[in-house]
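Structures for review follow.
What follows is chain A paired twice: with chain B in the first complex and chain C in the second.
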Partner chain A sequence: MTFFKKPKKLIQEKEAPIQQDSPQEDNSKDNESVTVQKLSLDEMLTKVKEPFSATEDLLTHEIELPSDKSRIALLYIESIVDKQLVQSMILNPLFVTDKEINFASFKQMASIDLKKHTEIKQVQELLLQSNTLIFTEDTSCFYAMSTPVKTQRDITEPDNETIIRGAHEGFIENLSMNLALVRKRLKTPRLTVKYLQVGKETHTTIALLYVDNICDPEHVKEVDKRIKSIEADAVYTPGNIEESIEDKPFSFFPQMLSTERPDRVAANLMEGRVALIYDTSPTAHVMPVNFFSFYQSVDDYNKRWHIGSFFRFVRIMGFFIAMGLPAVYIAIVSFHFEVIPFGLILLIKSSLEDIPYPPLFEALLMELTIELIREASIRLPTRIGSTIAIVGGLVIGDAVVKAGLVSNLMIIVVAITAIAAYIVPSNEMSAAVRILRFPFMVAAATLGFLGIVFGFLILIFHLCRLYTFGSPYFAPIAPLNLADLKDAFIRAPFWKQNTRPKDVTAQKVDNANHTRKWDKS
Partner chain B sequence: MNSHTITHRQLFFLVVQTQIGVGVLSLPFSLFTKAKIDGWISLIIAGLLIQFSILAIWKLCDRFPQNTIYEILPKIMGKNLGLVFNFIYTMHFAFISILILIMYNSIVGKWILFETPHWVIIFIMAAAGYYFITSSPREIVRFFVLVTPLLLILFVFILYAYTDVHFLYLFPVGQAGILTIIKSSSDAVVALLGFDVALVFLAYTTGTPAKKIKVISFASFCITVLYAFIVFTTYIYFNPEEIVIVPEPVLYMLKAFSFSIIERTDLIFLSVWIISVATSFISYLFITAKGVQTLFKLKDHQKGAPYVAIFCAMIAIIPNEKLEVLIWNKYISLTSLIFSAMFPIVLLLIAMLRKKQEKGAASS
Partner chain C sequence: MKKILTVLPVLLLLTGCWDQAMLNQTKLITAGGFDYTKDGKVLTTAAVPQSVAAEAGKGNIVNQIFSASGNTARQSRLRLDRRVAERLDASKNQIILFGEDAAKKDIYQLLDVFYRDPKSALNAKLAVAKGKASDVISTRFEEPKMSSGVGEYLRDSIISAEESATVPKENIQTVCPVMFDPGQDFALPYLEPLKKTVSIRGVALFHEHKMVGTIREPLSVTYTMLTGEKHTIAMNTTKKIFKNKKPELMNYVTIKVKKNKRSFDVDVTPEGKVSAEIKLKMKVIVTEYPSDNLGTPGEVENVEKRLSKKLTKDAQKVIVKLQKMNSDPFGVGRHVMAYHYPVWEKLNWKEVYPKIDFKASIDVDVIGHGIIE
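Presenting the complex of A and B:
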């Protein structure tokens, strides 16, 4: 019971800051040291908190000790500190035991966990390493106790964004933990967290993250404004937020990067973007993003740069193949037979001869079958999922050709298309590509190459005129920025990546990557 | 207006993309009918001549910075006459858009889609054009920059012809006579049209006047060189007697190439060419919509855009026969020669004589 009673006292103390003068009067003997230090406890706290700009997860608790009426202050970053630990390791020993205890005796009691520090410089580092700091009236030194937060569920690699090399950590359903995962990677005091609440009844907490001295304040303002304007009783999922704040709700393209990877979020934050992390959801959103953000994978940066570039290029090709290949095939077999080289004509003709219906129908049939298989395998547990793969892929694929319903070539085209659509590292973009190939197929079936050309014209122009949070979506190729191409079609080596992308309008363009200075001599 | 500005580098791509259009396919043929094998010389002369028009357009727009031709005309000719000329220019640009549609339709109908009704081919282009012009110049130009590398594909295809050329076809140089060569350069000027969009787009361009004239002039120079190269190539690829019977020499030339993976190169070429046509069409449709905006005092050009697109498509459907197409081509070419190439010079003279000039402009 004492455990529950005591925090009340804590609140009382917090609510009555006016009483602060009395302890100062009491501590007449400390007055000398205060004059020497020229810093009162309050001043000390303000000074310590200064480098953290406006982050709201940095908390202070001021407590008046019952024994000698002296004030102490606890300082910690809420998101990475286990509050229960703070309660049991610091507050309970101070209050629960007999009234005679003062800070000196507490220090002796907890001497193993409690470390004394005198350098104010260390404050930032200690706070970021999930310590709880204890400041006393004697501001010449302070104490730190390690109180790291415990995980809720195991931090596992997100299934939808697996990589070969690199960190295998993913966000979980706990906001503090997710913030901790990001903070773990960006140990800078300039990483600012801003809590926002949406949903009149649900009070869903969103953390808006940005790096204070890199990110364009306009972006932060814009995101903040849009989220605050959401009026709804309930906001359940990140999808709700996404649809509420994206620029063009009718576009097929995702306008925010959804990811479950803290390393991806951290890298994007350092590029000057803004991230939203949600409580109760492992999905984080990054904005503003461009088209190529969806094609960047953490893997690229852990491979040798030639190989990383090659796979980046393959992925972008995948975009065009996934969208255009079935359409081109349909256009060729139904309009432009002449394009096929002489050697192939007989082959294609023999494959197509016995098919009773037009290529468009054939393609739609197979594409829809693939989508059915995909959807079914998501809903089923992994073991049954593989059964679906065998039944769907092998049995249907084989039988449908033997039955003469679909041509061999169409199966090949559809299979390549399906694979090409899945190589996008972002699930949303992959879905967009898969949906878009249907209009392309229809266009190809009605107007042949002309239909495809106009399809691409309109698609590319749509990308050109799309803006996300004020920055152009198709940057760095529209508007063209040659320097930023280094991380679009290819992945230039780390020592070449020494500027931030221009489209995010970061405050600091230079990211100080001069990692091969030793080579110059 | 601020978010609509384009840089002078973007202006370069705008002019390049507008100049390359329908003309590229039939230019060698139309030049040959007039100047015989010396057509390529006519083209170069035309390239030089249009530099004067460009200079006039630039000087005119320089006197009225950030004003489009539709705002300049009332200022130098008075309100009423200005309105009349605004109407004429709007119609003029509309008819260039229509001509582009007509020529595009006749090529596509002849080479790609033989059975498809003409109105479908025209309306799909008009619809795409409408979609493009609902946005700002900046986004349109970004798109133009993006598709410019595709011109390399066209270039490489044509370069392939050099596996089978006969330079002797060109000789003797100047056999048509200097007068004929100069006369037929008017045909070439029509193919090089596109610099006239500067009349509107210069108003949106940022940068010093010197830079602006450099980019427009250089863009036209590049296109003149490219066209001369194409014309030259077809003349040394085909026998002089052959060209008379091939109205689209470039396509006939490409049709003859076959690679192990593509049998009909011309179809690929045409697919890329459609994009070039679309960019020209979009530019002209945009300035037409701007004209409509001025005429009807609309708040923005987007309001008039659908009507402009539909109007152009409707008119473009009218010519049905091959002969009709030729007649339309002839007359619209003539008017564009007058209003795009010659009239800016007259306008500049009027402005200079009447000493009309915006206050902000540097005195010349």
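Presenting the complex of A and C:
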């Protein structure tokens, strides 16, 4: 217990100083901007460039306008600015026109992207966000135009969440494009995007998405609060954020659903959940989620509902197989072999007869081997990957048995377990299940079936106690909600799914799915 | 927290293997036999299949037969264990055989050990062997070379006899409550070892814990019918219903029972006289009738009449035998006990049962005669 409480205290202690610090900072910067107003253009430029030390990709272009001979200066970071855009959006309108033009008229005809700023403290941020800044001789203000370099990749289906039918779109590393992908699916004015920035130096932008009239405002407040409390120089990946804001950092289970599918995010938003989309990462996080969210796949909803239900059920079975099968095998062959049917026992016995070590060791050996193969195949390029398949499949599968190191049956158990673990649509949950199988194996080897029962008890205690962002994690089983089981163990038909899950405490519970009214008359 | 973190791994490491029962370090008994030696000791014989080739499925099974004697069943088992490498385990036992002499003494004394052990195989078949159980188990049977040993072979033989209704379905568990019931007895399959096969010769009847006699094969089917067995996969019986047709086989008819309805009445007169009657109504199919012409009018009725008469006679024979042996497998006593307890209390059932008025009748209804008429 105490183990879990300590980190919370730390956060509370840290929160206080932030609030004290921030007003002071603001004051100092305000003073600065006041003094700046009296500077000349040259002085202004040196002042602005100062914080960037000696970086050579920060470029300045000084131009004398032909009309009124006034000087303007363009300031941008070369590496993140599309020079073509600068040329076409700023320089061309200024020079390549028939009319004599001055900056004042340019302002009027310039695109919507041109924004006027007066606060000099914004310069850094704007420059780093791919803006081109225009300084004029009137140093009381400056103009910024967004000229980002287009380096985004194509929108492709995420490799880690492929489906058979349904949209084959996935998030990319560009926040505005990702938001577009979600907005495309939810054309409602109530879809709200809230930008948050994390990381003192990295200034990572996070978009907090929710549907205003469905989502529980408490969830939004909570997520917002937790993200704002993050104090770090750098936030590199969504994983950093996830670990910073999740409820139980010591739990094996993922407490946020990470997905790269905009359709999955959109569906979850409409269920009343909150989503986080990160700039520079294709991963989005959905919260609060329950255990069964990880077993839902977009594919389920594109199949006929009986089939979808069947596969949902198969996945839940997969959870138990992946977690328990090696443990059950160990328990049976080392404690309770009387449960094996007579017709099978001599077969099993004969395959086990000459194995030199206990079943636990045998199982650990093979499970670790499978994990080794898996890990190796992730890192290797596809062309070498086939080598792994041969080495892993043939050498380890066949030769190990022939050499008498591992029993035939163990290979079967390990293979089924591995397949069952990868059946989970969520990679995080799959990893959790794979890790959990090891304590189960140890428990089975020490106490047999009793050990497995203890293991599952502890697991269920944990799942029932787990809350994420104020929502019960093991809903709809604990607390039991029969109506919500329609999208947990099975996938009820669309026209039956007319309430939102209770555990997300949505503002509107009824989602008005009355799609078969024509059938009633 | 630190305490828990240190205690947990220590607990895991210290558990040891005190209650482990590793499958690859046990020898599974598939058939067990009990006899008494001349000096009154219990002789236990066990068949342990040992697979030779490691390749699964092709495994050649060699049966090892061990035997040891002791003052009690358990002691002989323990001594047996000492003669065998690895640990002996009876949880997958398929059959327990009693030598005829052992069965006539008392089978509960020998079975006691199975009822106390939570791991014992309660679904193992029980059977009585003509002669010595050890002889049956150590016979090198023709068939088991292919399958997985004596135990399975003997069990399958009994199962096939059960299916043809030659013997009633019994195992260690089903026998237990009946064994302690003063109002009911039971019967077990009676085996006779031939040279390279084993033959189920009928049923061995018990009174309390002791075997009191046998009913041999064709009649044992009638016995099974009388127990009220609804129908088994092949409840077949061949009966001689004519006397003087030539050749001899023309006198016979074979029937297969499709439905067997039993009504069992036990009456107690106010004076305390007990009488019982079993009436069977059977729907049967004629599966063999060499005389043919079942299509001619009246023939079916004729067969029905003769069959009913013959079967009733057989049933009566069975009951007379049972009363002579003083074995009450139909539970007449149980009925008396349940519905007429004051009478039951006054009776000395052991002495009354052989003398009660016990009738049986079988009424046959032919509902089919195969695909030809």
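Remarks
Throughout what follows, the second predicted complex is superposed on the first by the 370 of 521 C-alpha atoms of A that agree within 3 Å, B and C clash if a C-alpha of one lies under 4 Å from a C-alpha of the other, contacts with A are read in each partner's own complex, and residues count from 1 in each chain.
Everything that follows uses one rule, which is that a residue touches a chain if its C-beta (ideal position, glycine included) is under 8 Å from a C-beta of that chain, and two chains touch if they have at least 3 such contacts.
Everything numeric here is computed off the predicted structure, so don't read it as measured data.
By the touch criterion stated above, A:Ile230 is placed in contact with neither chain B nor chain C. Contacts of A:Asn408 after superposition: chain C is touched, whereas chain B is not reached.
In the superposition on chain A, A:Val333 makes contact with chain C only, while chain B stays out of contact range. Within the superposed three-chain model, A:Ile477 lies in touch with chain B and out of touch with chain C [touch as defined at top]. By the document's definition of touching, both partners, chain B and chain C, reach A:Phe342. In the superposed model, A:Ile120 makes contact with neither chain B nor chain C.
In the superposition on chain A, contact of A:Glu353 is made with chain C only, not with chain B.
Of the two partner chains placed around the shared chain by superposition, chain B is the only one that A:Phe449 touches, whereas chain C remains out of contact. On chain A, the surface touched by chain B in one complex and the surface touched by chain C in the other have residues 335-336, 338, 340, 342, 447-448 in common.
Residues 2-3, 332-338, 340, 342, 345-355, 358-359, 404, 408, 442, 446-448 of chain A touch chain C in their complex. Across the complex, chain A is touched by residues 1, 12, 15, 19-24, 26, 28, 30, 49, 51, 53-54, 56-57, 59, 61, 89, 91-92, 94, 119, 121, 148-149, 152 of chain C.
Chain contact summary for the complex, chain B toward chain A: residues 108, 112-113, 116, 120-121, 124-125, 128, 131-132, 135, 139, 142-143, 145-147, 258-264, 267-268, 270-271, 274-275, 278. On the side of chain A, the complex with chain B involves touching residues 335-336, 338-343, 447-454, 457-458, 460-461, 464-465, 472, 474, 477-480.
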